[in-house]
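Structures follow.
Below are two complexes that have chain A in common, paired first with chain B and then with chain C.
And now, the complex of A and B:
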């Protein structure tokens, strides 16, 4: 019931169209890059998806993160804008279910983006590289699936920040600063790459199995920790208000 | 009301907005890695740039490429949202004030925030260069005249970008799109500075100006000249169209 209500609240916010548009925009990067300088990339001797990811993923992930922040911001902005949150708090509902309802909408929205991006990578692979469709699809699915998992902590953290900030610009400002911090962190340090907003910058193709497991565990752990932290914050927030 | 008092009113509206904290944090995050990794600037022989120039360019590069446009998008959200919460805009429109003047006053506030951010960064550059000079026993400080001049150029070249951001904030009423487009428009600027039509994309102007300066300072990099002819007219036309459209459509939805 809570999920459906949350979904209905988004009706006039253009939430899902925005994510679809963002997905198309970020899917355009590899296509444009290949269309303009394909000789540069086809000359490299490596799996197609690896070449495509290494040359485009940084910009795509930047777009993904910025859109995630915007989406998270909107999800709570519609509550805070007209004091809707007070009405929600007056209902016999736990605040946590509000949070997880919103998270349950943000996850498929982001998944939609990831699917569009995967489709674009497969298209580029089929159009400019001669690799079998099966390899392309499985490579792209694995890469984007990995990226999706690694983005979950950032997703929860964005939503957490926006649940704490009443003003839209405070949330956006903090989110933008977080993405910026992630882009400034040293790329070679494993510890620094565990920062939720830095983790999605990792690329699956070419990574060692041990490293992959470490990142997957870290992503799952961070998601769980951030989720429980949000639960505690929601419970204790009114004590300090 | 005189234009100057309109601007003063707009400044009073954002007095308690804590935007200064965000600007300060953005400056701090930008310059802290520069101080920590100051020794990296000694290994730039293959590009042929001196460490002090490299320190200056790298720091400002981080600012112009991402954080300054992103922070300015946040500022447009701040300016429009302070008005929309509690329907403040209806009260403003009820006043005997020219709406175009109101829109321009808000643009001036945006310019002032941007100028403030550039000044903060220039200040932070001197503080971090002084710290790096002390830790590395090498003089990283550049002449204030040069740094201020460059910061001034960067600010001027960001005026069309701010006009576009302001138009987006005024015209697109759905927050998810106005913010999303603003933030998403930053990312392709890396692609645009490498194309011949960079002058059609205002978001990449400051970044382009700085890359040209980088090429001039570095001996082993291709020296591109900043061609003023297609750029300045294009920039002027874009700015004027955006500001005119913003003035025309400001408050239109509320007046219906």
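And now, the complex of A and C:
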């Protein structure tokens, strides 16, 4: 119910087309990279998806995160622009359901991007590496699924910041700052990589099973903690209103 | 029976008292006019009724439901319009009302009904952000009237409307208790405006309730205190000015008392 209402509010905001276009843009990166430097990459002795992820993912994830932040901005900007949120607060509706309804919209929008990107990786694998379709599909699905899980904390955090900032530009600024900070954090430090905006930079191919488990647990825990923090913030905000 | 009742309701914002222990009694099926100059605390009181602002002290019941325990139940019974119109600019008037309708789980016909009541049917497919101020007010009012709730809380609903619009909305508000068996709590800073639609009046100044009762009782009260009674606007101004000057002299007395205290303590210290 809340999800459908939130979906209806997005009319004329180009929310889903923006994610589709972002997905296409991000997916175009490995294709262009391969088209220009195919000899360099095909000479590497490793599975196709691993090569593609190692050489393209950083750029792709930056685009993903920036789009995620923009999406979170759109979702709350429509609430604050003409004070629609005040009307919602005066209706028999829990503010938490508004937040989670928006999160539930951001998840499929991001999933749409991930699917487009996976398709692009599969295309590159088939076109330049001559790997079997079965292996490519399973490898791409696992890699993008892992990336999707690791992006969830950043998704919730972006939405949380958006819910707190009435001015869209403030949120956008904070988000961009977070992404660039994450890209500058040391790649070999596990602790630093737990920063919500740094986690999506991790790639599955070539990672040890123990490390994969640790990241999956960390992502689930961060998502739960950030979700609970938002609930506390909403309650506290009402107490001090 | 009172539909809305407050007991020493107060709201303080870091040292500033917006609402100062008011006890209101809004009878069921009446139009209650809440009058006061800008900054008197009308909107804050209304916001407290909707749970948008938490009271610092005191309590209130709406339709025998207690805040904050029954907040969601209260909101199910209340149609509201607070301060500036609140809507989604990217949606049309009709789509805006449809969002509210879905949340309130009302039939689709309720949107058409509300649009017709406020005279927005013709403009229902236009984007809300392109509406004029008067149309935005009407949209806000339609949102409050959606589903014909038993209680309506309207904060200066005629703001930004042209004289014809003011008359239409005034007549609509006046007719609501009879038409839909509801109670209306409406605010304005013009007593002359409230006079034309309210059965009961509450006058607020600097967060304090100066008067509560019918217009006749107000006139009697004013005559007894020596205020002009033939012109409502003059009567209202006299009432407010008298309260302001009393508040001012209280403040002067307090500051005199404070300075006397400081002086005596200084003398005591010197000794």
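We adopt the following convention: the second predicted complex is superposed on the first by the 240 of 241 C-alpha atoms of A that agree within 3 Å, B and C clash if a C-alpha of one lies under 4 Å from a C-alpha of the other, contacts with A are read in each partner's own complex, and residues count from 1 in each chain.
FYI, a contact is a pair of C-beta atoms (placed from the backbone, for glycine too) under 8 Å apart; a residue touches a chain by one contact, two chains touch by 3 or more.
Remember, it's a predicted structure, so these values are computed and weren't measured experimentally.
> Answer with first, second, both or neither: which of chain B and chain C does A:94 touch in the superposed model?
In the superposed model, A:94 contacts chain C only, not chain B.
> Which partner does A:63 reach: the first (chain B), the second (chain C), both, or neither?
It touches chain B, and chain C stays clear.
> Of chain B and chain C, which one touches more residues of chain A?
B
> Who does A:9 touch here: chain B (first), chain C (second), both, or neither?
The second partner, chain C, only.
> Taking the superposition on A as described, I'd like to know which of chain B and chain C A:71 touches: first, second, both or neither.
Once the two structures are laid over each other on A, A:71 reaches chain B alone.
> Is A:239 touching the first partner chain B, the second partner chain C, both, or neither of them?
second
> Considering only touches as defined above, state whether A:102 meets chain B (first), chain C (second), both or neither.
Neither partner.
> For A:81, using the defined touch cut-off, is the partner it touches chain B, chain C, both, or neither? Pick first, second, both or neither.
So A:81 meets both chain B and chain C here.
> Residues on chain A in contact with chain B in one complex and with chain C in the other?
12-13, 81
> Touching chain A in the complex: which residues of chain B?
My answer: residues 17-19, 22, 25-26, 29-30, 33, 37, 62, 66-67, 70-71, 73-75, 77-78, 81, 85, 174-177, 179-180, 183-184, 186-188, 190-191.
> In the complex of these two chains, what residues of chain C are touching chain A?
50-54, 72-73, 75-76, 78, 80, 82, 84-91, 95, 98-100, 102-104, 127-129, 143
> Quick check on the complex: what are the chain A residues that touch chain C?
1, 4-5, 8-9, 11-13, 78, 81-94, 238-241
> Going by the contact rule set out above, which residues of chain A touch chain B in the complex?
Residue list for chain A touching chain B: 12-15, 18, 21-22, 25, 29, 32, 59, 62-63, 66-67, 69-71, 73-74, 77, 81, 167-170, 172-174, 176-177, 179-181, 183-184, 186.
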